[in-house]
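Here is the structure we will look at, set down as structure tokens.
Each chain carries a letter (A, B, C and D) given by its place in the written order, and its residues are counted from 1.
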Amino acid sequence: MTAIPKIVVQAEDFDQSAEIHAMTSGNKDIGAVATFSGLCRSEGESLNALELEHYPGMAEAEIERSAKEACTRWPIDGLTVIHRYGVIQPGEQIVLVIATSRHRDAAFDGARYVMDFLKSNAPFWKKEHRVDGKPAGWVDAKESDEQAKNRWQ
Amino acid sequence: MTAIPKIVVQAEDFDQSAEIHAMTSGNKDIGAVATFSGLCRSEGESLNALELEHYPGMAEAEIERSAKEACTRWPIDGLTVIHRYGVIQPGEQIVLVIATSRHRDAAFDGARYVMDFLKSNAPFWKKEHRVDGKPAGWVDAKESDEQAKNRWQ
Amino acid sequence: MTEFTVKMLYFSWIRERVGIEEEQLVLPQTVSTVRELLLWLRERNEQFAAAIEFPDIIRVALDQEHTEHESSIGTPREIALFPPMTGG
Amino acid sequence: MTEFTVKMLYFSWIRERVGIEEEQLVLPQTVSTVRELLLWLRERNEQFAAAIEFPDIIRVALDQEHTEHESSIGTPREIALFPPMTGG
């Protein structure tokens, strides 16, 4: 039986340890928990905040697509993905992926696969608000993110 | 400047979120946090406990060796490794690796590299205490762990 | 293909340049692929011309699914235009 | 090489089979490689014979560093014998 991923897109912050606890407390045969969290960087204190825009509905759908694919590729017991939108300050959390499994390779691969696909497929856009008052600008997509996705093919 | 890893070998449990907080609270340019935690499995409720033996001194030295190597291979901002010894119940944490970086690839690679090397190089041995009262037995090393190490060469 | 009405959505700097978040739009019969849609939209006014200056970089989703520019449009309920994603 | 005294450490099922955790041991001149050490230890008594039944699988650390069986021993302060590791 493949796991049913938990996907949440929300403005509020989240609690990584509470999410891990929710995934592991009911199952004493999980041996491995891999997590990734993405934080808002200050870019050398030049950034006041990031503003994250998203496409409601499609954001959840795209994350779910990659999460379900991960659950068929590897023996994953649980997969939780939380992505925030709205205004986020430097140091704050933006995204969280948790993959649990009996085995560490599946947990690592699952978490990384979801992050790679989320980066280039999930409809979120970052706008940078600068400390120096210059006009806010949209972050350019990185070629390296597209390449990261291709390594799974 | 390469990061100085934090390596701890202890009998006590640990708090993952406190460890992450200690690594990220002072630095608002960390964009990525990858973690791995290894938990004691009940093996279908057949296991009462794991007993972990270690070689004090060498255990820390071997973990440090792989952690320092990870910090030279990837642009890592911080690396924390905690490994427990003694009696550990199903569901409890055994090991924790946290790698922080500006970039997600470095964080993922760093955490996984340390886990792969720790598995086959750090002097820890697990003994299984069974629910059915049969004699406790030492866990056999897995060939797959040796192979996992070789993928980094 | 016959004319039909569709909900259009615009995100990020495309939304800013066209000046609207969403609208109901009647697509003409002549528009049958995603690429034709982009080229047709570009002719609507200066705002759309600025937003779709380089059609190749625009991503299009039909009913919330990424779609190639060569694909035919079909009859989706909603069509979204946006730049490459920068989430995560 | 001349005779010297070294601290021996045994772990896991090797410790259980030899029945001691650590000891001070005088290594004879004839023992110059790790493999020779294992073969010499195996002759000490029945416990060591049982622990080192298959020398190839035994790991040896000289002064807390993994060492190949072909390596010469040198004059370490401590030598540890243990099975393949199962931590993590």
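Please note the rule applied: contacts are C-beta pairs under 8 Å (C-beta built on N, C-alpha and C of every residue); 3 or more make two chains touch, one makes a residue touch a chain.
Treat the numbers as computed from the prediction; the structure is a model and nothing was measured.
Chains that count as touching both chain A and chain C, per the definition above, do not exist in this structure. Annotation: 23 Å between the Cα-based centres of chain A and chain B. Averaging Cα coordinates per chain places chain A and chain D 49 Å apart. Note: centroid distance chain B to chain D, computed from Cα atoms, is 27 Å.
Taking each chain's centre as the mean of its C-alpha atoms, chain C lies 72 Å from chain D. Annotation for chain D: residues 88 touch two or more other chains. Residue positions of chain B with contacts to 2 or more other chains are 38, 104, 115. This structure has the following touching chain pairs: A-B, A-C, B-D.
Here chain A touches chain B in the complex through residues 15-17, 20, 24-25, 28-45, 90-91, 102, 104-105, 107-108, 111-112, 115, 148, going by the rule given at the top.
Taken together, the chain B residues at the contact with chain D in this complex read 38, 52-55, 57-59, 61-62, 83, 94-95, 115, 118-127, 138-142, 145.
Interface of chain D with chain B (complex): residues 9, 11-13, 61, 64-66, 80, 82-88.
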